[in-house]
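Shared between the two complexes below is chain A, which pairs with chain B and chain C, respectively.
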Partner chain A sequence: MIFEQLSGNLLQGLVLGSVYGMATMGLSLIFGVLQVVNVGHGAFIMVGAFTSLMMFQAAGVPPVLAIPVAFAIGMALGMLFYFGALKPLVSPSGSGIKSLDMRAVGMGAGILVALLVVMRFLSAAFKLHFAITLFVAIIFLYGFLLYIYGGRRQDKAPELATLLVTFSIGVILEESVKQLFTSEARGFNWAIGKLDLGVTVLPYTKLIASFGSLTIAVLLYLWFRKTRAGMAMRSVVEDDVGARVCGVNVDWQYALSFSLGIGLTVTSGVLLTMFIPVGINPYMGGPYTLKSFVIAVLGGLASPYGAFFGGLVFGLVENGSYTLFAQFQGLEPFAMTRFFSFVMLLVILLLRPTGLLKVK
Partner chain B sequence: MLKVEKLESGYGPMQVLWGPNLQAEAGAITSILGPNGAGKSTLLWTILGGVTARRGKVVFEGNDVTELPAHRKVDLGITLVPEGKHLFKEMTVYENLVMGAYRKEALAEKEKTLDLIYSLFPILAERRNQKSGTLSGGQQQMVTIGRSLMTKPKLIMMDEPSQGLAPKLIMEIFETVERLKEEVGLTILLVEQNAAASLDAADYVYVMHEGTIKAEGTPEVIKASDEIREAYLGI
Partner chain C sequence: MKKRGLILLVVPFLAIAFFVAPAHAVDSIVIGHPAALSGSYAKAGEQAVGGVQAAVDWVNSVYGGVNVGGKKVPLVYKYYDCESKKESVTSLLERLITTDKVTVTFAPYSSGLTLAGAPVAEKYGIVYMDHGGASDKIFTQGFEYVVQTIGPGSSYHVGTLEMVKKIAPDVKRVALAYEDSEFARSVMDGAEAKARELGFEVVFKRTYPMKVEDLTPLLSDLKASDPEIVIGGGHFQDGQLFNKQMADLDINVKLLSLIAAATLPAFGEALGDLAEGVMGPSHWEYGVTFSEEGAKAAGMTWIGPSQDEYVALFKKAVGKDMLPDYHAAEASAQVLALVLAVEKSDSVDSDVLRKTLGDLTFMSFYGGWDIDDTGKQIGHSMVNVQWQKGERKIIWPEDAQTAKPVFPKPDFE
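Our next item is the complex of A and B:
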């Protein structure tokens, strides 16, 4: 009995964990190359979930076929946000590019966040969604003008500036999607049967999502190891000075890795809807951002493959602890699972800040 | 082959280069000497395009290339052996060398250049499948030089290639530099703090201090001037 339950948990945990892992690879890739923590991570997952939902509802396209579309949307969004917002802060070289003056960035970012916080309170009180979108557009224009006419700098921006930028990008996405689709939670039903394994029952959708995650992880691994383009990106991760003297266009690799990371993240949103095809709303990304942080730390933060294995561990822990806590009267297992996940994060950070796994 | 005219650059509000003029003749070793903080590294990085030139010109083979970014300079045949090696430590020796052949023209000649590097540094052929981070300091420097050769450069700039090496290895590195000139016919721009060894290897010498060129001449002229030696070189 207990053995059956455990093996059932193991299977469920691994299937879930592979999707979690895939959902974190983009975060780790971006951190590995740019040393930028993408606080807006969950918002990109949300964009993927909406892509999946809309394609299914509008044309009955099964989520599997939404994967390439989501990846393309992610790559495009990545390029847009990289060149529109992030580049002046992370681009490692002057090389004739006019970049932002740091004082202007600091001031702009400060004003931006202060106003965003105020606007968010106002919008909750008075439903001023349009004002936020308009405001964000103005900020973007401001940033763009600064970018064109600003001074030059050579050193990297402080982490706080990039955190603020990715946070803002997340809010921009959430509010834009809310404008388009309202904040109502949606869902769809892609029923294609279940696989009864005796110890547990797995819907085919989950199995496909898990298999898809694994495939993408393997493809990414091969791309990094075997192709010239993948090697170039790896070289930038390892030593951007070395990459530069080999003739790698480091600035372009930054743009490419950011947009690849976002592409992977948006794709993972599609895979997650195969797991949980309900509760799709503009603000669904928050919990995924937090989970991905835990997973990324588990996997050593800067390695996409580490993230994948971190995801497997996290899936097992989450599934196992849910079952465990459900045994006790008076405990809310869902809340306890989250509680437990973050206790785990703290313990790992204390004992092994470099991550559980050493995978490069 | 390379001509630098009144080049100015720096980092943020700090200006480092204050208009040095210099030339590197084809097929010769041109050496830049000077104390720490003289702006030697900044000069090399500004020539490569990793640091933006604010004023002045970099002319390569008769063309003004001042504004080109680093990867375009590598395309033209300029490369840099950076100070502190900057190897890809998790990659094998072979992978590091292949990364040097990143641009397409270099990739076409990959095998030929690899043979040359393995003949210059036989130890690298033995260790080709070892992670570069596990090599000794001297071997790592060989990989760094090899990786630069893989880009098929016409001009190779070296930033302190002997730094942190044992005296015997320093000799070997300087021998390699001379072989690169004699056997491969490369043009070399060498930045060194090791003035004595540098003066022996070089065909022409510039003395740099506080972002400008303070003196220049053949090694014999520099050696003969007590004034220059005492003021800038400490030998």
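Our next item is the complex of A and C:
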């Protein structure tokens, strides 16, 4: 009886863990290359979930086919936010608005008003939501100011600044999506059957999500290990000054890895909807941000495939310990699994401070 | 010198106030409300303000005002936005009581905000009517002026269990799985007590944390306990997750009832076929059939508009084509309770009003109204809704039914 429960729950944990791992790879990649902790991580997962939901609802596209679309959206968002917000802070040759005098402020305000008026008409003409046009207007204005008043800056921003930037990006995304879709919890039902294993039941959607996560992790590993582009990125992780000396375009590697990281994260949002296709709302990302941090540390912060293993371990421990704690009368097992997960994290960090998979 | 001057200034005013106040006739009844119009509870707050306004309009224009001191006086509704913040609730209540001199106060939405404001009302000894705080905890603090219209958390699943007892007496095995929050725990404890009282066997009782992402381990254990009835839930997201993962694990039971989530339109939209047959308790739903004739048959006092008249009044009050939900209905019923209490006691004195409210029983479009000694609502029974072919139907209690219950619930797939 216990054995059946345990093996059933461990299977579920393995499947869940692979999706957890996938959801963390982007976070680790960005930290590894840029040394930036993406506090807005969960918001990008949410974008992926909405991509999947919208494509299914609008055209009945199964979530599997939404993966490339989500990846492309993620890459684009990554590039946008990197060049729009992050580059001036992290890149040694980054440019930002050097001095903001009254001229710039006045001009900016004037352009913003003009843009808003134009956008108001455009949004009416093309039936676009005002939030989208406002978003475009602000990005445009920001780029314009950067173009006129931008210049090379010598001082590097403190690390706290990048935390604030990624946090802001997360909030901007959440609030924009809320403007478009309201904060209602949504969902869809993609039923393609279930696999009855005796000890537990696994819907095929979960199996596909798990298999997809594994495939993406393997592809990422191969790309890192076997291609020149992957090697260039790894060289930046090891020593960005050395990489620059050897002729690697570090600026471009930063941009590429940030958008690749965001691409992976948004994709994981799609995989997540195959796992849990309900409760999709603008603020769903929060718990995943926290969980991803833990898994990232577990797997060795700078290693994306370490993160994948971290996810597997986390899923197994969470579900396995649940069954064990449930054997004790009067214990609330869910409360204990959280306790146990974090004790385990502390122990692992004591024994292996760099995480389960060491970065060499 | 300065001090004496101040006293000399104040004394005449106090004297005037002392002599004038008792002789001052009642010329209006003022409701003071720190409403949650923005912030986390903005949606419920908008409904509540619309509900109060609709009932006030009905009293003033249809009912002809409140009969007190030998004449009809109008009801006046005074509210400020508390932004769903505890600090604002307390300061706005002070302002309503001391500056605006309101006759009674209404609590804002939610148990937390209601609890925050209660001590202020107690301090001034003014009646504090609770239309949106369901936690039983509000009534174990010894407050003397709090009067509830919304049903307490412990009564949420009472009707559900009574229904099963009546239509399928041989069903015995109940599983309880609720969110670990103040509100859901009070629902769970109430459900457990009621289940034992009715002779059910509680085979599973566990909680899950707030913001849970995966319920699979809990539901696997629940499945192993082989229940016939599953009741539980907490909020919106976890309710959808609960239903979806029950289906994933092929857990087929005769009845599944989830609080909060299952009564909302978004639930059926998100889950589609999987929502079929799932139930949820609600304080009030558009379509319930409480009527003046029904009240007469039950020997109860009836007050207020019929349901259709009410919906029209509500739409006019909020100024848009929006249906009232239970947040509005309970706020409206509270206004009607106040009117009856003032007329019955022919007074606006807080202590007299509170005592009269304690003895009051009546029925309106919202259903029954009656409170116990602590001020807790005991006369209002919740309605149970069930998803039937993509629509929400009211299936219990029988006198409010819009469709017969589908029991047992159809299996998933």
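Just so we're on the same page, the second predicted complex is superposed on the first by the 260 of 360 C-alpha atoms of A that agree within 3 Å, B and C clash if a C-alpha of one lies under 4 Å from a C-alpha of the other, contacts with A are read in each partner's own complex, and residues count from 1 in each chain.
Keep this in mind: a contact is a pair of C-beta atoms (placed from the backbone, for glycine too) under 8 Å apart; a residue touches a chain by one contact, two chains touch by 3 or more.
All of these numbers come straight from a predicted model, not from anything done at the bench.
Applying the stated contact rule after C-alpha superposition, one finds that A:G8 touches chain C and leaves chain B untouched. In the overlay built on the shared chain, the residue A:E238 is in contact with chain B alone; chain C does not reach it. In the superposition on chain A, no contact is made by A:L346 with either chain B or chain C. By the touch criterion defined above, A:C246 reaches chain B but does not reach chain C. Contact with neither chain B nor chain C is seen for A:L219 once the two complexes are overlaid on the shared chain. Legend: residue contacts after superposition of the two complexes on their common chain; A:N319 is shown touching chain C, with no touch to chain B. Number of chain A residues touched is higher for C, counting chain B against chain C. Of the two partner chains placed by the overlay, neither chain B nor chain C lies in contact with A:A229.
With the contact threshold set out at the top, not one residue of chain A is in contact with chain B in one structure and with chain C in the other. Across the interface of their complex, chain A is touched by residues 11-12, 48-52, 67-71, 74-75, 79-82, 85-91, 95, 98-100, 102-103, 106-107, 147-148, 150-151 of chain B. Contacts from chain A toward chain B in the complex involve residues 93-97, 152-155, 228, 231-232, 234-235, 238-239, 241-251, 360.
Those residues of chain C that touch chain A in the shared complex are 180, 206-209, 211-214, 216-218, 220-221, 224, 236-238, 240-241, 243-245, 248-250, 266, 269-274, 413. Residue ranges on chain A touching chain C, taken from their complex, read 1, 5, 8-9, 12-13, 16, 184-189, 191, 194, 196, 200-203, 206, 276-281, 284, 286-288, 291, 318-319, 322-323, 326, 332-335, 337-338.
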